[in-house]
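Next come two complexes, and both contain subunit A; in the first it sits with subunit B, in the second with subunit C.
Our next item is the complex of A and B:
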């Protein structure tokens, strides 16, 4: 069997039968129910909280109950676990109200009175960006010498994107328990060790007394990257105070209103053209970080370090900023900044092609990067790059030239070409993550995978099991995956950044190769493997110079839409995608990521219109925030080339995020083609089309 | 004492709770049958689908008063049927399961399509599953799973 051949996922049968126990399905003896008491203002100070007399079996857990530090340790420690006096966003947690009976908790909550000294909230990104105090981080770098180049013309456009909600089907949920001297948090989460680190800081205990167990996770898409750390600290403190298990599971409306989402952005792009080629670009982007920085600066780095996409532009001036507002705080979401920057760049490239009278793919081909070229950040593209081959594949599989030449009115075609870097930015894998994996041969010969990377729907268990079994040349039945539990698994890093297969899978493949020679030894055998940064990765975090990523995956997309001439409703009928993800570990898992990413990207492009008013998200239910249903999905056509990456397991690179990133600009461009309009924002709703026609 | 009864997964049950209580809460909390999921809490996502007298309903919208003397079947019971086995096989072969949270509800909707006696062309399948939201798969593998079931006439082989 080849590594690419599809297998049945190991976790599917239990999910189909309803046997898989998610956090809300698990039983705990003496479990208490918790509900979050939230601020009703976006900015202000709490003057007084009037808690009515506590009935029996109702408890309040607030800032004073955090044993050591009332701070959520992420990159910064600026966000409180429970608000102290200052309120920074609408819905900021003030306390947990905990009790045996949900109705009693809700009844008590309705009687709590909070008096605020309300302050003027900063809810507009563009206004906030004009105030120096609202700037949180700024990064800038240059390449070549943009100010001195000679050019024929320059062309400036401004692009805006709004929020996108992950809308994982399983809401946020955690349970805290205390047994003897160990505080345990169970939860639907992507990063067990992020949570453990946050707990250590809040609780003042070490990893012997703190334990994090990931429960089957019903979708995450980045939404369960940093956010669960906040909830984990809250229930840990509650369980520690009450000496009973405490469960906090959000209501759906609460989840949509108050958890992290994709950053709204504004990007100004100026390209400098000479002889019908882009020879320089000025790229200036700002992100609405919301009330706390969280991961926003890291998101912004991913957005701007690969802002040149698939192209070689010799002269660059790049700036990225994260701006503080009193809106809901924004964070990780599949693509992590790239969906915003690639939307702007790719739509701009299509606009340029049209302006210069060229085919959008031919125009792009003139700028494609090649192996050995300098990246935007003056690193070197290390691996083989086959963008022309990939574009040929897309053109052939879709019948591109015939289709676009024979298109009828009200139908349109749009393209995009994007990279996505696998793993952490720069030297992050070596400096910050320092992944460790373990592989254990049990006494009975069974091999156990010990990593902290989680299954959240993407197929991690199947992928990692298949890699190990294939190296060992044994059946997949002979390999088991230890559910992430910080008492048993090492810190192989978070389940983010499209790194699980490419980085963690590669470490497991190395460990398996070592174990293979020792499989006949009696007793237990434990193999430990540490991440080692490849020699070609050189990064200077001070200057933002060097290899921003170890390796890139690539997609070339073609989208076809039909637009209703009266309602301007857009029907996306087809998406074709050609991919280079190295070597896919399993074709069916790859297809699952491709189709899921295409549809989530389609939602971002035309449907998912999330706005904020006075600091409050305006669409907080499934009925007001439509995501694609079976009626909305196009025919999806995917193919790929094999381009083995030397440091990936069996040649694999990253997949998970790439598949979403290129969709929105291709869809927007297709709508423009159908309606002969120009657009500068997503989602491209009927209202946007109507405005563009005027 | 209440005189109200209903049948849950083939067994007679006395309704001991308020008649306004949601069927979903009775199934999940009172009965401990957690295969039925709560996704949106307002009848939009289909994660909580159950059969009531062989028709599918979002159990988050059904008060217990609506199931008096009726038969409720959840995924736990349906998963024991031969028809389910064929659906499971088709979902496994098509790779139609990712995070799994929408999956039991999706299975119930597929079962209803199979039982409808309609020709399961693409449009019928899309319509039949339009009340079931999935954020992971992009639905196409689910369509393929249903299609493989109809190709074999809903039978094994």
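Our next item is the complex of A and C:
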């Protein structure tokens, strides 16, 4: 069997049969239920909280119950676990109200009175950006010398994007328990060790007394990267205080309204054109970080370090900013900044091609990067890059030239070409993550994978199991994986940044190669493998210079839409995608990622309109925040080339995020083509199309 | 505590409703959602409820020479599947919600709930349908326009249950139905538009823009008499008082209505 051949997913039978227990299904003896008491203002101070007398079996857990630090340790520690005096966003948690009976908890909550000294909230990104105090972080870098180049013309455009909600099927949920001297948090989460680190800081205990166990996770998309750390600290403190298990599971509306989502953005791009080629670009982007920085600066880095996309531009001036507002704080979401920057860049490239009277793919080909070229951040593209081959593949599989030349009115085509870097930005894998994996041969010959990376629907268990089994040349049944438990698994890093297969899978492949020679030894055999940074990765975090990513995956997309001239409704009929993800570990899982990315990208492109009003998200229900249904899903055509990556397992690079990133600009461009309009924002709703007709 | 009543038959339901204030629940696809609460806590019903979905007396579709009679307890799926009913009406119902919801949601529920986005209402306005209400003491018949008095407001008295809707048989020469939502299915309407051509001319009903359905016999007369397109469009524009909300904009809703009116009038000529 080839590594690319499809296998059954390891986790699917249990999920399809309803046997898998999610956090809300799990039984805990003496369980208490927690509901979050939230602020009713977006900004202000709490003057007084009037808690009515506590009935039997109702408990309050608030800032004073955090054993050591009332701070959520992420990158910064500015966000409190429970609000102290200051309120920074609408719905900020003030306390947990805990009890055995949910009706009693709600009844008690309805009688709590909170008096605020309300302050004027800053809820508008563009207004906030004008105030120096609202700037949280700023990064800038240059390449070549933009101010001295000679050019024929200059072309400036401004692009805006709104929120996008992850809308994982399983809502946020955690349980805290205390047994003897160990506080354990069970939860639906992506990053057990992020949670453990946050718990250490809040509880003042070490990993011997703190334990994090990931429960089957029904989707995440980044929404369970940093956010569960907040909830974990809350239930840990509650369980520690009450000496009973405490469960906190959000309701859907609560989850949509108050958890992290994709950053709204504004990007101003100026291209400098000479001889019908882009020779320089000025790229200025701002992100709405919301009330706390969280991961926003890291999101912004991914957005701007690869803002030149698939192209070689000699002269660059780049700036990125994160802006503080009193909106809900924004965070990780599949693509992590790239969906915003690549939307701007790719739609701008299509606009440029049209302006210069060129075919959008031919125009892009003139700028394609090649192996050995300098990246935007003056690193070197290390691996083979086959963008022309990939573009040929797309043109052939879709019949591109014939389709475009014979297109009928109200039908449109749009393209995009995007890269996505695998793993952490810069030297993050070596400096911050320092992944460790273990592979253990049990006494009975079974091989156990010990990593902190989680299954969240993407197929990680299957991929990792398959890699190990294939290296060992044994059946997949001979390899087992259990949900990460920090008492037993090493820190192989978070399940984010399209890194699980490429980075963790590679470490497991190395470990498996070492174990293979020792499979016949009696008793247990434990192999430990540490991440080592490849020699070609050089990064200076001070100057933002060097290799922003170890390796890039690539996609070339073509989208076909039909637009109704009466209602301006868009029907996306087809998406063709050609991909270079190195070597896919499993073709079926690759197709799963491609189709999921296309659909989530389509939602971002045309329908997922999410807005904030006075600090509150306006669309907090399935009835107002639409994601595509099967009726909206186009025909999806996918093909790929094999381009083995030397440091990936069996040549694999990253997949997960890439498949979403390029969709929105291609869809927007197709709509423009159909209606002969120009757009500067997503989602391109019928309302936007109607407005653009003027 | 909320009390729950499950009557044996329609008579018992009407008896109870005459004696105490009860909220009738049929399919529950809207009421149960609006009574949402922390999962695992009691539903936040606004008062005591009476369940009526099982009442056989409300589940019928019959016809006379002039009308169809559709019981309030008929589900949307049953309406859609009933070949006796005319295509233009079934098409409207076929685009409501999702198959699962259509199996539970009732015709009466959509009418009595009186949401401004209720998709049945433009159909009933265009057809000049009548609503039959029953109480312990008798029965009332109201034209749909008199029954729907506002957003989530009807002329139903607290002791009355909707019994049936009477849909007049029309000779439909042509019709145009368009439901605009944020996606292609399982979505509330941003605008819904129904135009039908019957003996006597055009009828037009516009839903989901104003609190209640827009229908103007005067403007229809102007269309039938071949009046100026501009005066017709301006007339409808003056009747629309939608607003910007989380689903759409006033501007978009008006523009689409105008586009549909123009298409309809062009094809009529």
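Rule of thumb we're sticking to: the second predicted complex is superposed on the first by the 694 of 694 C-alpha atoms of A that agree within 3 Å, B and C clash if a C-alpha of one lies under 4 Å from a C-alpha of the other, contacts with A are read in each partner's own complex, and residues count from 1 in each chain.
Note that in this section a residue touches a chain if its C-beta (ideal position, glycine included) is under 8 Å from a C-beta of that chain, and two chains touch if they have at least 3 such contacts.
As the structure is a computational prediction, the values presented were derived from the model and not from experiment.
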item	value
Fit-or-clash call for subunit B and subunit C when the two complexes are aligned on subunit A	fit
Which superposed partner A:691 touches (first subunit B, second subunit C, both, neither)	second
Partner chain(s) touched by A:103 [first = subunit B, second = subunit C, both, neither]	second
Partner chain in contact with A:566 - subunit B first, subunit C second, else both or neither	second
Subunit B versus subunit C as contact partner of A:599, first or second or both or neither	first
After the two structures are overlaid on chain A, angle v-u-w for subunit B, subunit A, subunit C in degrees (C-alpha centres, nearest 10)	40
Which superposed partner A:618 touches (first subunit B, second subunit C, both, neither)	second
Touching partner for A:1 - first (subunit B), second (subunit C), both, neither	neither
A:12 touches, of subunit B and subunit C: first, second, both or neither?	first
Touch count on subunit A, higher of subunit B and subunit C	B
Subunit B versus subunit C as contact partner of A:443, first or second or both or neither	neither
Lowest C-alpha to C-alpha distance for subunit C against subunit B (Å)	5
On subunit A, the residue positions that both subunit B and subunit C contact, one per complex	251, 253, 623, 627-629, 631
Interface residues, subunit B side, partner subunit A - complex	28, 32-42, 44-45, 47, 74-76, 79, 87-88, 91-93, 95, 97-104, 107, 125-127, 129-130, 132-143
Residues on subunit C engaged by subunit A in the complex (per definition of touch)	36-42, 178, 180-188, 191, 246-249, 251-252, 255-256, 259-260, 263
Residues of subunit A defined as touching subunit B within the complex	6, 8-9, 11-22, 24-25, 27, 166-170, 216-221, 251-253, 456-459, 588-589, 591-592, 595-600, 621-623, 627-631, 633, 636
Partner subunit C, residues of subunit A touching it in the complex	33, 35, 102-103, 105-106, 249, 251, 253, 565-569, 571, 607, 609, 611, 618-619, 623-624, 626-629, 631-632, 685-687, 690-691
